[in-house]
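As written, the chain order gives the labels A, B, C, D, E and F, with residue 1 at the start of each chain.
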Amino acid sequence: MRPSGRKTDQMRKVSFERNFSKHAEGSCLVKFGDTHVLCTASLEEKTPPWLRNSGKGWVTAEYGMLPRATGDRMKREAAAGKQGGRTQEIQRLIGRSLRAIVDLEALGERQITIDCDVIQADGGTRTASITGAWVALHDCLKWMEARNMVKVEKVLKDHVAAISCGIFANQPVIDLDYLEDSAAETDANFVMTGTGAIVEVQGTAEGVPFSEEEFLTLMRLARGGIGELVQMQKQALL
Amino acid sequence: MRPSGRKTDQMRKVSFERNFSKHAEGSCLVKFGDTHVLCTASLEEKTPPWLRNSGKGWVTAEYGMLPRATGDRMKREAAAGKQGGRTQEIQRLIGRSLRAIVDLEALGERQITIDCDVIQADGGTRTASITGAWVALHDCLKWMEARNMVKVEKVLKDHVAAISCGIFANQPVIDLDYLEDSAAETDANFVMTGTGAIVEVQGTAEGVPFSEEEFLTLMRLARGGIGELVQMQKQALL
Amino acid sequence: MRPSGRKTDQMRKVSFERNFSKHAEGSCLVKFGDTHVLCTASLEEKTPPWLRNSGKGWVTAEYGMLPRATGDRMKREAAAGKQGGRTQEIQRLIGRSLRAIVDLEALGERQITIDCDVIQADGGTRTASITGAWVALHDCLKWMEARNMVKVEKVLKDHVAAISCGIFANQPVIDLDYLEDSAAETDANFVMTGTGAIVEVQGTAEGVPFSEEEFLTLMRLARGGIGELVQMQKQALL
Amino acid sequence: MRPSGRKTDQMRKVSFERNFSKHAEGSCLVKFGDTHVLCTASLEEKTPPWLRNSGKGWVTAEYGMLPRATGDRMKREAAAGKQGGRTQEIQRLIGRSLRAIVDLEALGERQITIDCDVIQADGGTRTASITGAWVALHDCLKWMEARNMVKVEKVLKDHVAAISCGIFANQPVIDLDYLEDSAAETDANFVMTGTGAIVEVQGTAEGVPFSEEEFLTLMRLARGGIGELVQMQKQALL
Amino acid sequence: MRPSGRKTDQMRKVSFERNFSKHAEGSCLVKFGDTHVLCTASLEEKTPPWLRNSGKGWVTAEYGMLPRATGDRMKREAAAGKQGGRTQEIQRLIGRSLRAIVDLEALGERQITIDCDVIQADGGTRTASITGAWVALHDCLKWMEARNMVKVEKVLKDHVAAISCGIFANQPVIDLDYLEDSAAETDANFVMTGTGAIVEVQGTAEGVPFSEEEFLTLMRLARGGIGELVQMQKQALL
Amino acid sequence: MRPSGRKTDQMRKVSFERNFSKHAEGSCLVKFGDTHVLCTASLEEKTPPWLRNSGKGWVTAEYGMLPRATGDRMKREAAAGKQGGRTQEIQRLIGRSLRAIVDLEALGERQITIDCDVIQADGGTRTASITGAWVALHDCLKWMEARNMVKVEKVLKDHVAAISCGIFANQPVIDLDYLEDSAAETDANFVMTGTGAIVEVQGTAEGVPFSEEEFLTLMRLARGGIGELVQMQKQALL
């Protein structure tokens, strides 16, 4: 039995609130249950130095958490003077996930930075971030299309979405909330495209190592969930 | 004529959304027009080192801005590796403003940290932060009262709220939005209590120095606005 | 009764020692009683990046304190690895105060940096810094005039000086020394020009909030003191 | 055809040089072809703060690269003033991998730090680090056993080793060297125990997302290679 | 011919102004010609952690330079966020030099920190710092003796002073000023006690390596100069 | 009697392993007994900013220590976020020592960075670094000569090598190992050329100041040892 009463293959309620920000070229407040992440897309008309004169653009991401997004207040990274290892790991993952479905040449020599800021955390912040970041990126490209800068369908090759799965109380379950996450034996994050191809897989044994069979079960659960998320992304764009 | 069409003594629409955060002991999303600040109050059962065994507690504040809260994306302070001078100035101001209306002995040896994070900025983030922080602090104290830790009316001696005033297009106006703020000749922030006493005054000539008469006009405008803000705080607590 | 025996409207003995530094284009050791600040002006033939090709120059300030300028030794900021919030607040204030009386276009595309380093502290370091910085800036401009780079009277539109006032033992007093400053209920700093216009006002209730009447009394005291300081600046230039 | 002429399922020559360091409680210079990593295990008789009085110990890892371990010299992280995101990601992975096969209660309230320093890099530094770190950890525990501090078989529950696999020139291959790694479409790292259970899986599409079938092929290759690595670890201990 | 017209064995005019600081337990403004260094001694009633309960105290030093102490303004180390290599080298040298003539057991479990801050630089700042630091340290110990904390002659075993020598225009000369220092082929700093024993020797070939004979000539010059400096220290204490 | 049983003028076994690194233009693993330092030379086709268009190149050095190179594990400088004072002092010494025997004009507008990383430490890491760095530098220049970039004999004017001497148990001894170093009363490092000229001398009294006679004895010991080291460098190049 899951603490939330959900079925093993049941994700939390997911919603996307587009145009959340007045300023950003694209933005989306994504909610996976009580996990709320604000994703904003910021366009700059220049690339990082290593892409100058390459004809290619870049998509990158930064991740942060408000200090009291969590049950106990965490030290503000700006006050601590550096971003922790976990933060860097997550923002690198978000960036790679988005670049996997973007044609950087079609984007042209520009950079889009997706900021994913966790307003409230209840497990699964990185998967919510990726899933919402896609919507913010899409809307930024729409904004650009309206100004004849790009064609959205040229730049955005596919959807991308992500979900966590894990083994909780000996049961493979999808979309772990904080209670489950902190007690799970195994924790895996899957990032897949709209056509079901894999962009990233990260599986970690928190305690006991897991078997290949268990891992395949988690991957099957994830495939189902990501399919649903992609449908919800499509719905949100209507 | 103000860009927003407001009258010179007319503040923007102000709202308080209490209990915005699932985790914090007190929280409030305060809006002054398009300026939105999330204020959370976090209670810790220990004081800073210099107050150990003094019988007194402490109230402090931290301030941050999401990178794309502004028209142009700003570098994330956590990535830059330090908090800028403006950030430090503001968070020190918020802390001092709150401590002016708190009885630190009645609080006991505890610390309450108010995090003010700007979700969207359109001028006046520091004054919105102070005004919303008071609500978050109040709700944190209520939470404590419900657990027999303190009496709210012993700790919280008064209301505190803040507003900016400035001289825009040769007119003294209240509650400057970003357009006004960036063009104002003079910019002043006032922090006052519910009984009309002054906690902080900060007046700055951005271009031409100003006269004492001008300053007094701004102070009169502020007194009116802060009176309204205190009424709205009271309304929000009902 | 003030600890120093001064009258309520009596400033400490103020002196300016020009050309204190062999190397700087302008320099001044300013003393407000036992508060001694070395102000040096350094000219650079380039502006900050955001002013390139704007035809305008820049005046900025940095502030520091020797570790044992104070009663107890303070950690050296260079060893701590960052400038504290108070340091940043003060150096921003000094820079703004000077820019208020400088014509940046007449200066041309150059930067003048005023370093204010507190050799000995006894309260009022920021007001002494501003008052002495004006002299160092003036002498730097004279140095430039001697080389046909600028006309002093074109660049320097007015004097600027600063003084603190506060309520100590229920009495409004001017130019607080450390003993008064640490016990004052209210502490205000005023920056005004030679013609009596206001550049900056900062009033802070350290304990009990103050009334508008009290604030106006402090402003009146400050106006008198700054008038005297401007006379002393003029005297020092003879 | 692989640049090195290896078969698709052929790892590079692997060797372990134990007791490489005069000072460390356990140490091992591990070579995967031209990738050389020095792993040292350092024992401390105290745990991190969050484990005080828990009866449990801790195993952690740090990772570094000599500046000229790579083809082009990289900036020294100590000179840059921080560890990069990649470094933090890898050292967190090594630590988790080791803790998965350690009984932290049997270790007692002590900390073992495994430093993995890359002397020369040619792809696969993280997998070589994990595989060599296990040997250093084992020898540290032997050193402790000789002093009656622990029983090795109580603390060390299993072997752990790691290998990279990827799709290079449309072929799934094992143990990518630098040439392959920089051209691979997909890059995956597997960490498994001596009994074949999975500790960590990380799969990343560098360009085109990959299919589940491709991923399973990589996992099969990895399982074979890790089986060999565990045999070589056993051989090295004789 | 030396730029200053001095003879090869002639030091610059040296002076010590004791009790320069109102706050410090001991202080001295030392001048070697146009090189001016403020040395303050600060007493703390605790030792560094590694000396707790050892019965011994510690003497340490910190060194800094005001940004415009030099011909061109140097970046403020506090703003740069770290102390440079040269600063660290010098402050370590000052600390070692003082500890060589202090009986740390007779000092007792206390720490004296000598801050040497260069107000104006014209070559030889480290040697002026050491020579002036001794006076500040002496006066701090006198302050302590007056409070029955120590006996000066028990703690302070000898004088210590320092001078630079170098080969300038093929001539061995003493006490190089900035013009000489920046053109010297060889630069050596000597730290010696009142009894002529050597505490530190640092000789560096800036361009062409030097012979043992040249080095011995420099050492002889230094011995003479340090003898004079010790006499001046004694004079200053009268 | 020395702990190692060596005679007072007997250095430890010294060896040079050239071409230790696959990637560097020149490299050498130098061993002075149990002190092992990896020296790599990295060529860059650009100079530091201050030498642009000067026709001159630059040789610089960086120094590091693996965390467990020492008896007790030391904090990793990259994790600590800065290089310590000792590290900076040593890397500045290595750079100066090499530049003393290099013709920077003959090198042309290029920079060679010598990284000296201590794999294992047992005293004398700075002297081993300098002695090995010369070999790495030589081999880098040979690499360049083979590509017609420079003539080795034009750039490399002489050998350079270094040795420590000290007074241990009242005996002047050469090449102190860790046991001797930590107990020595006096510690001196000498850097000399192949022709016996002095590049750097650093003598430090750890406890009791030393006499000129003692210092001259140490210098004589050093001269003998460095003569041997230069012969070994020549041997290693055969």
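Basically, a contact is a pair of C-beta atoms (placed from the backbone, for glycine too) under 8 Å apart; a residue touches a chain by one contact, two chains touch by 3 or more.
These are the chains along with the protein names UniProt gives them: A, B, C, D, E, F = Ribonuclease PH.
Worth saying up front: this structure is predicted, and the values here are computed from it rather than measured.
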item: Neighbouring chains common to subunit D (Ribonuclease PH) and subunit F (Ribonuclease PH), by label; value: none
item: Between subunit E (Ribonuclease PH) and subunit F (Ribonuclease PH), the fewest steps along chains that touch one another; value: 1
item: Far-end chain from subunit F (Ribonuclease PH), centres as C-alpha averages; value: B
item: Distance between the centres, which are taken as Cα means, of subunit C (Ribonuclease PH) and subunit A (Ribonuclease PH), whole angstrom; value: 50
item: Centre-of-Cα separation between subunit D (Ribonuclease PH) and subunit C (Ribonuclease PH), whole angstrom; value: 59
item: Euclidean distance of C-alpha centroids - subunit B (Ribonuclease PH) vs subunit C (Ribonuclease PH), Å; value: 28
item: Residues of subunit A (Ribonuclease PH) whose C-beta touches two or more other chains; value: 81-82
item: Chain-level touch network, classified as line, ring, star, complete or other; value: ring
item: Running round the ring (origin subunit D (Ribonuclease PH), first step to subunit F (Ribonuclease PH)), the chains in order; value: D, F, E, C, B, A
item: Subunit C (Ribonuclease PH)-touching residues of subunit B (Ribonuclease PH), taken from the complex the two chains share; value: 82, 84-86, 88-89, 91-92, 96, 100-101, 158, 188, 192-193, 197-205, 207-212, 215, 219, 223
item: For the subunit F (Ribonuclease PH) and subunit D (Ribonuclease PH) complex, residues of the former touching the latter; value: 21-24, 27, 34, 38, 40, 42, 44, 62, 64, 66-71, 73, 76-83, 87, 113, 115, 117, 119-120, 122
